[in-house]
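Going in written order, the chains are labelled A, B, C, D, E and F, and every chain counts its residues from 1.
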């Protein structure tokens, strides 16, 4: 995979065009389910997945730090990283992400967070403009309910398999996972498709019929 | 059914009063389920239903244009029409509506779209201020997942039966379908009920007890 | 339970810290399920629960006033009260709360409403800035579908048991119920924990690692 | 409605043919949802609905007998009656029917019970061969969880409206409700359709193609 | 794909061993979801998939035969064929299979039916000992609710993709789809694994510890 | 907790009476949800819980034995133990129990198994008459999908908290967990209540009204 300029690509690409391109490459299960939503409407995220795998727990053992893996992953985040917390969502049980983790991640230079668990401290995260995509909103801490048990292993989040190093892209329309092996090809094709969509829109705005414009550009 | 001035009625009516009137006429299943939501909060829609019936598909045959019916319906939309896409929602599978269809529909003079499928390109549709009511947000194109198979036939959308020519009314509180056979009666009664509700509100604001005001106007 | 200054506490406390403190006291089922949401994003509510218990109904008997208990509860609301309507939500069936009840409640000095049923007249309630937490949005009146059958009895709302007189606290992250027997202890501990969270945030913003800050303050 | 010989009709009719006839009469919502199942496979039930409407409850008041309506309905059952307990199922909360109610109902001459709540004491009810159709199996008593609040009022059970006096028919394929106003017509047509289905089966068993047999008898 | 002796293989193989082998070949999504169940407990089915793709419909057009494709598929079934009806189940809407189709299919020599729709006439199908796997039991005819729209196209059933000619295997534990391209390899490996499982069972019955037996045979 | 003669108690007690007694002691959440069912109808289980806690996994690391904890728990089972596998069910993902584990457990003298995951090899387990209570039936091995990560820790199963050493009781009506701290009291009261229920049944069979019999014995 080439080095990509995430900041520039975030200006041009969007999840719908990436999803279409991934479909065309035969990868039809790359969009997270619709319950995964951004914490504010204009949040856009693009980066490399750093995965955390969660399990339910129903007690905390004496002397156990239930946040151990979570803290380790947070403190190891690098610029360009997206924390992906796989909680087998949708769930009502836990909000593994909140203001304090957002603050810690932002200070490490991370791009944001995607989780199919809940998020809390929504007001503060919006004020920080830190892009978090979540599986619902709720105040419940994970302590005594669940814990992260593995870092940088394959997981699922929002119904999509995510491997460490996959490209995560999220915007108002949802979250798409681009497997690292096809990331270059996907991004290249997506940039091309953006152009066709722009032409299509322009001609539609001039009043042409959809049948004609679709026949010409082949995108919808 | 009389010709109705949708633009004027949209200023006065709202889904709650229409739902109450339909209840009073014995039609208690006319409000779509709550998962059908407007793409922006102040969207209001009123118009005649133009229905499209969707089915799941798991492949595209050689030479097939999976968008055939969809394009035909879009290009045939008239001013005052509302595209109603029945996708057997809620669904995670497809986003049959997006920016390009919104553009095409707007250029034909259509009033908007109601679907129990997903919608994509939410940011652009909000900028266009085109009223779309949807069953969720997601980036997934329908190609290879589903297709429209019939136009202007009875369908269900959001749990409500919709026949071509029925009146569709949607606002922040949801979407109500007014069967064409009782549209005149429903609209007439609803305009009356708005007045009673205004009186009720006024007297409550003056501090009167709900028991007294309800006894006087009979609305709640 | 001591008298609490709800207006002041609403400025300082939030559901996440209250939920954590309740967890610490062994009460781990006090947060309503995430489908219960505020009708506007900056709604904050704190007050004493006045409960209304709802049942499904499928007809209205001759001469029956199906709103009888509802009106009685509304007209009896006192300053500091929160109407809690337990509808066994989530539901698609009824919107027991709307603009008129909001108006009536506000004129009695009530703090707001929490229900796991639907709410309607969302636009007007937002304009009134009356804090309503609801289990979804829809236009359906309760008449002929359900009715309130008991006032000030234990109920469940959003999956949490609520007894009359319990403290209700809601904000953007959800709704938490504080049983009256532990209200003083919960509030006192929560005020302390807010301070620790503030220290944690400050040190994270200075770039310290999460591992170090958590070791120092023990909050996450 | 004519007097019907339920015992004889139970030998000839079945839910599938009744459902088809009700469809043909324009009543397409008369079959309970598939989660309503017989407590033993060869249970067949036919009789007049005696309805009990249930609500959730979360406490028992001092001096209250939570079984009051339930006992009253049971002791008032007549031969040919079917107890229909509408619990807004499917539910995990309560098993309002069990061995003791089966015994009481059987001793009154009742035909059986249909509920969308749970049933308990399944082993004993099977031994009694008392036809009970239920919404699941579980041991939970209703006390402190729910109570019956009305007798012989319209209710819903398994997703179907049931009015007192409607005809209830259940067998291995499910439960169908025949509104009393169309009971005679429905039963008469169903007896005719049984004959056509018998002819169809006979000719298929002789090896004829489905296309030919369907063309001849028009049933499938 | 080689010709396989389905009758002999049905005696030796079972879904669990086939599912394990498919897992080992990297095909981890070949088992239908657990709601698909056999109509009688000792039903075993093995054969080639003949697929029918269903869509919801809400009306029958004048002159339309809604059973057209269904009848065509039934009359074209060959010995060794399994009718696979993809209805986007689980569903409460339709029972597309029943006694008459079972009779027609049996008379054509078909192996049985798998559907994620409902089945009706369960008693008679059990008497026929015709292996039908279904997504629930209910009396509802498809007419006016749904129709088959394509034959021998890729579909999904019970959450698994099924292409015409894939091998269908079902027993008490569920239904597994073996893609035709890997059918020979899967069957060959499965026969080997049966032997290892037999050895494992024998040694466990002799009282050896699971740890030791698993270390020796590597199956669980 | 006293030593209890599980074999004798299984003859006399049943889940409904235990659930009622636990209700009376203020423990109203001790019955597993109804999706947990016995693998054969006359299965009865009573014993001490030996818990295994499961998590989802999406890969198997090189050199990892994903069955490690599972095998350890199985080989450590003692007479009177019930293996309780907490899989956060209901689930479609895994069948962690099957014939081989049943064989191993039976050879250790264990009483049976309760899981909210799926079970496979249902035919063979029925033949063994080994009482297994499960959350559904399916062929899917856990390898690459999930793994047990802790033994003899508190877990949840079928929606009920289970601690090691709690008493598990299951029969045709479901599964009840008796916390070890109240086991003696619960069993003692249950034996008394069985007697009252027997008297109630006897008098009902003599034709007495339910109102009278309930007034006399107070059980229903």
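Simple rule for what comes next: contacts are C-beta pairs under 8 Å (C-beta built on N, C-alpha and C of every residue); 3 or more make two chains touch, one makes a residue touch a chain.
Given the structure is predicted, the values throughout are model-derived calculations rather than measurements.
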Chain hops separating chain D from chain B, counting only touching neighbours: 2
Chain whose Cα centroid lies at the greatest distance from that of chain A: D
Numbering shared by both copies at the chain C-chain B contact, with half separating same from different: different
Centroid comparison with chain C (C-alpha atoms), farthest chain: E
Whole-Å gap separating chain A and chain C, where each centre is the average of the chain's CA atoms: 31
Centre distance in Å when chain B and chain F are each reduced to the mean of their C-alpha atoms: 49
Distance from chain D to chain C - Cα centre to Cα centre, in angstrom: 40
Whole-Å separation of chain centres (CA-atom averages), chain C against chain F: 37
Chain E residues counted as touching two or more neighbouring chains: none
Touching chain combinations (by label order): A-B, A-C, A-F, B-C, B-E, C-D, D-E, D-F, E-F
Chain B residues within the chain A interface of the complex: 67, 70-72, 74-75, 92, 95, 98-101, 103-104, 107, 118, 120-123, 136-141, 143-145
Of all residues in chain E, those that touch chain B in their complex: 53, 55-59, 61, 86, 88, 149, 153-156, 161
Chain B-touching residues of chain A, taken from the complex the two chains share: 14-16, 18-20, 23, 28, 31, 33-34, 37, 41-42, 159, 171-174, 176, 197, 200-201, 204-205, 207, 209-211, 213-214, 219-220
